[in-house]
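In the part that follows, the structures are each spelled out as structure tokens.
In the two complexes that follow, subunit A is the common piece, with subunit B as its partner first and subunit C second.
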Partner chain A sequence: MTTATLHPIWSYVQVLLNLLVFLALAPLFDGIVRRVTARVQSRQGPPLVQSFYDVLKLLGKENIDSTGILPFRLAPVIAFASMLCVIAILPLAGRATAFTAYADAISLVYLLTLGGVAVLLGAFASKNIYALIGASREMTTMIMVEPILFMILLLGVLKTGSLDLSAVIYGTPMAAFGLPGMVMIAVSLFGLQAFVARQPFDMAEAEQELLGGPFIEYSGPNYALFKYYMMLKQMFYAYLPIAMFVPLLGTGFYLADLALQLVLTAVVFLLIGLLSATHPRYRIDQAIRYFGVLFLIALAAIAAAVVL
Partner chain B sequence: MDTTIYPHLQTGLAILLGAGLITPLLASKRQLAGIVNLLAVVLAGLFFASSAINVLSGPGAPASFDLQLAGLTIPLLVDGFSAVFLLLIAVIASVVALYCIGYMQMAHYRHYSLRGFYFCYPVFIAGMIALVTVDDLSTGFTIAWQLMTLTSFWLIRFDHHDPVIVRSANKYLLLMQLAWAAVLTAGLLVPGCGWGTPLHYIAEQLGTLDVGLRTLLLALAFLGFGMKAGMFPLGQLWLPDAHSVAPSPISALLSGVMLKTGIYGLIRTLFWMTPESMPAHELQYWGMAVAVIGVVTLFIGTSQSLKQVDAKRLNAYSSIGQIGYIILAIGAARYYLGPNAALHALALLAILGAFLHVLNHAIFKSLLFLCVGSVQYTTGTKDLDKLGGLFALMPITAIIAGIAAIAVSGVPAFSGFTSKWAIVAATLLSGKAAGIFVIFGVIALVTSAMTLATYVKLYGMTFTSVGVEWNTDGNAKVQEVGKLMLAPKLLLTAICLLQGLCPWLFVALFGRVLATSEGVLTHTLATPALLATLSERYAGVAVSNASGTAVAFSLPLVMVALLVVAGLFARWLKHAGGAQTRQAPVWLCGYQTLNNANRYLSSHIFDAFKKFMKWTGGNVRA
Partner chain C sequence: MSKRKELEAKLIARLRDDVVCVEKTDPRTIFIDVKRAGIREASKIITNAGARYLCSVGYDNIERDGTLGMIHTFALDDSDQFVCCRTSAPENDAIIESITPDLPSAGWSEREVTDLLGLRFAGHPKPKKLVLADDWPDGIYPLRKDVPHNLVPKGAEDVAYELDEAPPGTKIVPVGPFHPSLHEPEHFAVYVDGETIKGCDYRGFMTHRGIEKLCTTQISYNEVPFIAERICGICGSVHATAFSQAVESAAGLVIPRRAEFIRTMMLEFERIHSNLLWLGVAGHLIGFDTVFMQAWRVREQIMWLCERLTGNRKTYGMILVGGVRRDITPEIADDIRRVMKTIEDDLAIIHRAIEKDTSIHKRTKGVGTITKQQALDWSLVGPVARARGVDIDARRDHPYAAYDEMKFEVPVLDSCDVWATLVIRVIETFEAIKIVRQCLEKMPGGEFFVEMKDSIPAQRHAITVVEAPRGESVHYVITGEDNRPERWRVRAPTFPNLQAVPLMLLDEQFGDFPIIMGSIDPCFSCTDRVAVVDLQTGQASSISKAELDALSRQQQARHASLKG
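== the complex of A and B ==
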């Protein structure tokens, strides 16, 4: 289902391009959210590149290790690496990379889980009560939210009969999704804040009560990796519904498709910023019920897609 | 046909039974008895392995063999399918026997005689071997089942000073006798069949019966084997109690291989006892029913596992959950084998998933029980509320347990991944042709997130975090277990990693199993066209559709390579700023110190989620 066969070298260049787009834009998109939040609160807000500065600054700061065991040091590296792998296999703007052919939709979901596992591993290694409370909430959110994300992809699986990522994401024209597609777009909008772990679903980090939750004991370069991981993950989750549901332009120009997708992703981030600035945080038990309902709606959409 | 298959099998069994008589005489010398037991099990294991390899490398399914024993005729059959179980039992039994040498010298067992233990151990193994090689549901089955059940009962109640343990063991014995009665009834009630009737004849007779009686008889056999395998709701009755009170190496055997004899029975019932003269829709009803039971088992079992604070109970409930995946795959395969030929490729994938998960689960669950056993050996507790921080104290066990824990969670490139991938892909790809299976696949995915949560908790609360320093009696020094207990775990870890990184080896083995067995699986699935949809290469396994396009793939080696490269980049980035590292104590908001009262306990973790899932049962200290 890949649009065109390209020279093999090009598909490796594509991997680098994917990484470049995500590594460069994720902090900027994060900047949008910070800026929007500030405006809603009648503040000036930091410059768009502030999140970049934060990561650079953290990379040079002192690295404090409160545990002295391997899992604590390994966790940020695994989290960041797993997200890079996800990006490397993602067919950005309809074009498969050299590695897309080596991972299917199930592998993608499990790779995303690996990042979550790494965060939890670090939190559990921290010996800190707040980290453990945060980890407990993070894992609970993951159990409920990951299947919802997967069901969005599953719609593509059902239409094309394939788990290949290019086919799953781009193999079906929007109109062919029909009613289940409409429901799933609604689901992904209502699940958006949970996917990107922003208010009202930032129970795990919850600065005001848990002081950063799983990341409380992290500082310096370790924390920089975690921060970068969170921003990349946020961009991936905001990008995925766009790729799934907004058709490519079909002009044949890769850059035009890419530009459109990224502009739309930026719009999604505006929405994320607005929602998180205007919604108070849920308690974890409230959030579970919310996800439960969302899960059932998504499951109903899948059932409808199977029957229709 | 190779003529050594059955003689080697009998020699192996004779060695085990002989060891059961001799080793107890040496029981006063604990280490010596352990070593003799190990040698006997390994020697017998070599005979079983030779028999199994002869079968698997043969040109086709071997003929059955009638063993004459004290005037009884016991039909034996070692086909490719039995051979794999033979190998599995031989490997795990040998590794666990090695572990027993060290473990049974635990301080807690000082005042227990090992005579009974070393009588039961080899006989238990012999019983399991016999169960997967007898070819009837009456004489041979009874002998094998009773050997296995009675000895495992004594092994479970080894620590008999505790009335709770004795009660759990009694319950186990009672339920296993009920299961035996159910299967035996099914075998004897078929008209024209009596003691010692081989399975293929029973199947033929079943084909001539009317639907009601046939369904009843199949259901009885299914219930009996399902009870053994841990199927919902029967598994919950005995499995967590029995598995959590037995000595850890025995728990490893129970979870790792004994449950698999139940799976063996289920597969035999569903694919060998269902004659091809049965109407296709009836077979599909069976497949659907089994798949539903599988989904319920995996969901309920895993969500109960999530709630446990006793490490061994947690593992035991998780075994129910993992067995659920296998039952789901078996049911799906049975359903897909119907008249719609387009689904046959998925039947192949589903049964491959079941096969891989049997092997993978046997290894990683044994490994987890051995790790928990090591923790119990050195700290004296298996209560997750009391453990914590063992990574610094027993690093090798911690790393091994970490590998096993991510294997059971199905993290890519570790052993649970490919088997769960095959099972989930087989359900999802059915699409409109078998719609409900897509929903089953989604539930299986949710459940694997819960499995992950369970093992993050087990691992986090045992090896990382803090706690053990405040909860062991001061005179016991917590340290890494000896080489004698590390070696068997390292062996299993090596197998576990091999399963994860090179699934193609086991897919190739699966191909041999199909080629050396008779029956509906071989007839329908082992056709060149279908086998071509399943391509194994060094990097992993891929499934293609009828037009030859790859539709699902699991390539662990590529993923590992990607992760390593990405990890190296991350490491470079981490050091790019030239930051200094400093050790500093944990900061608890300035006015608290880290002590036992300021700890987040295992029973608090996932509290909101546990309340949300309260309806699934298995609650602890609610």
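== the complex of A and C ==
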């Protein structure tokens, strides 16, 4: 896209900028969800920056290593790092970073899955029955939901005939949506809560049943890393449909595009907050049925895109 | 009295000499004394005559005739009568036949008697420890008269309760003693295959503090209602009323009608607050915190009302033996009417939202299902039973206080699941508001307290039931010397309901454990019979008295402005 005209140094600055935007805004967006939830519940709610405070507080706490084995300690670092990699390759507001060229749609899915696998790794390493049940739910969710994400990206691949990230992500809005595009918008909206693991699809953590599931044995900085990882992941999943389905302004001003995308992402978080405040948690068997239907619809949209 | 004659005839025909006597004094309660050989047969005959098992009471009679007494109590819901089947066993051969094989919900009552009095039951299917701590020494039975109330035996090391064997192919998920879906310390070992529950074992009574022992050794009749109120942090007035009624019945004391109306109102306030509390907790347990917050926001109104009425949000101290402590003035009556209207309107909004919410249906319909027959077999009570088509309500079947004059519906549903329980508790809240309004309308003037002048003769037995928000509470009192009961047995609604939880859990998903457990609204403290210490007051006591006074004044000012 526009990268060719930029000085190479800029593309590295772009990486830092990406990271900065995500690291700074993800906790704020989490704050939006908390505030929206609070308002629905007739509460005042915490300040917007509360999630920052939470992470800071956790960073200052004792890091209890309950198992004493390496995978347990590594898991949060891997999860956090994999998410940072995703952000580093993401062409934010249509502008590729220094690393975008080395990655494609498939490595994006890989990196996202790696984060999920790290969560499972930590859960299995902690040898806690609640973590194990949570991990098995997380795994089931991943198996059902990742293909849906992949198909959403695949639509971009089909539209542009390229696996290049910028092409895949921005290809769909630039080309005509068509019927498959419209269906995919619906799929990503209905899959939103599952991607961000919020109610009704927070079975893996399920506080009242599993006391945090995969994260039950984690505390202090390790838990802070997981928390941050979750917030970054949620921001990515809230940002993705905006990038994929809302055309760029095309003014040529990077900041204008970025601002629009971020405002829209905030709106998505508003929606996430509303949805999670108005739903109970589904049971895993109910969630699987829901994902199954979503999967079939996404598959049909892809088939239609191939045929049409 | 035909029921009494019919029972007597049946018993004598089958048991002949084993029937010692059928008392004829009390029209409402039928006391039957049988020899211990006939106790199981007698209880079978009584249940076959349509009686519903309530609970069993053991008592120490060693000083009098060297025996340990045992009473199985039943209710005849159609004719508003109770049947108490008494027997005894000599101390040196303390064993009688178990009735648990016929009546599964007698299991805990009998285990409790074994723990506390050392009376054993032949043929009990699970004769394990129930109430006492794991390291309590053998041979000391705390409810016997020769054991002092403040005995602290030496603890033992490395003693643990042996849970049931897990079925093959299952994993054990330990739930409790501390778990967000349990609000008090109890332990469940849940056996799961994948996510499907294949069984569970329960070890509770972790907070047993011997309130019954305390009240039969240390304090007098007039003070017991205040302790009784502290059995439960939710339905205190229920226990205070039930105890007071049992004592009044034993003493033949008739309390003023106005006091009965005020008691009815206090009980219904408690029902409103408890049902709203439960609705919120149920929402929380299925991960729907908005229901939790909204239900508790509405509930706050009734807490403030009770504070204005009695000085306390909970544990009102209103019920006394002989009446109530405070009157309802015309001003407070207006206040009550206003609060009832607010709650009715707000709850109607929540009710409409819940009624049509398909995702709540998903989590509650068809969950925790047991059949009506199973509910009857396990003697379930309260909304849990009414959700399974069992049409019982102590307020209607055994009217007490002013309920004989009240008009209200008893909702009964037959979908046998958690959803039905939820609907019933919401409807009952609206019914409770109706009852409060009727109380205000029909309340007669006059006194609201009558002093008990004569001392109560010893060795009188009395049984009363009171419908708590979560089901019927049974109190059994045997009067004693020294102006205090000789034996006082409290059976909270959780006692029978909790015993049926393993059945409700069977073959359900582990994700439904919290809501199935929560659907019976378990009150472990009632079951354990402890004094619950409110965290808030615990905190308040750590600040200085002046600060506390200032805080209270602020609160009062807030209420005054709300009233205005």
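One rule holds for everything that comes next: the second predicted complex is superposed on the first by the 300 of 308 C-alpha atoms of A that agree within 3 Å, B and C clash if a C-alpha of one lies under 4 Å from a C-alpha of the other, contacts with A are read in each partner's own complex, and residues count from 1 in each chain.
Keep in mind that, in the parts below, contacts are C-beta pairs under 8 Å (C-beta built on N, C-alpha and C of every residue); 3 or more make two chains touch, one makes a residue touch a chain.
These numbers come from a predicted model, not from an experiment.
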{"item": "First (subunit B), second (subunit C), both or neither touched by A:236", "value": "neither"}
{"item": "Partner chain in contact with A:42 - subunit B first, subunit C second, else both or neither", "value": "second"}
{"item": "First, second, both or neither for A:209, with subunit B first and subunit C second", "value": "second"}
{"item": "First (subunit B), second (subunit C), both or neither touched by A:70", "value": "first"}
{"item": "First, second, both or neither for A:223, with subunit B first and subunit C second", "value": "neither"}
{"item": "Touching partner for A:285 - first (subunit B), second (subunit C), both, neither", "value": "both"}
{"item": "Partner chain in contact with A:129 - subunit B first, subunit C second, else both or neither", "value": "both"}
{"item": "Partner chain in contact with A:106 - subunit B first, subunit C second, else both or neither", "value": "first"}
{"item": "Subunit B versus subunit C as contact partner of A:157, first or second or both or neither", "value": "first"}
{"item": "Between subunit B and subunit C, more extensive residue contact with subunit A", "value": "B"}
{"item": "Shared contact residues on subunit A - subunit B and subunit C", "value": "129, 133, 136, 211, 283-285"}
{"item": "Touching residues (chain side subunit A, partner subunit B) in the complex", "value": "56, 58-72, 76-78, 80-82, 84-85, 88-89, 99, 101-104, 106-107, 109-111, 113-114, 117, 120-121, 123-129, 132-133, 135-137, 139-140, 142-143, 146-147, 150-151, 154, 157-158, 161-164, 167, 211, 217, 220-222, 224-225, 283-285, 288-289, 292, 299, 302-303, 306-307"}
{"item": "In the complex, subunit C residues that touch subunit A", "value": "171-174, 179-181, 192, 195, 283-294, 297, 359-360, 362-363, 509-514"}
{"item": "Interface residues, subunit A side, partner subunit C - complex", "value": "37, 40-43, 129-130, 133, 136, 199-200, 202-203, 206-209, 211, 277-286"}
{"item": "Complex contacts: residues of subunit B adjacent to subunit A", "value": "389, 391-392, 395, 402, 406, 409-412, 417, 421, 424-425, 428-429, 431-432, 435-436, 438-439, 442, 445-446, 449-450, 452-453, 456, 459-461, 463-466, 539, 545, 549-555, 558-559, 562-563, 566-567, 569-571, 573-589, 594, 598-600, 604-609, 611-612"}
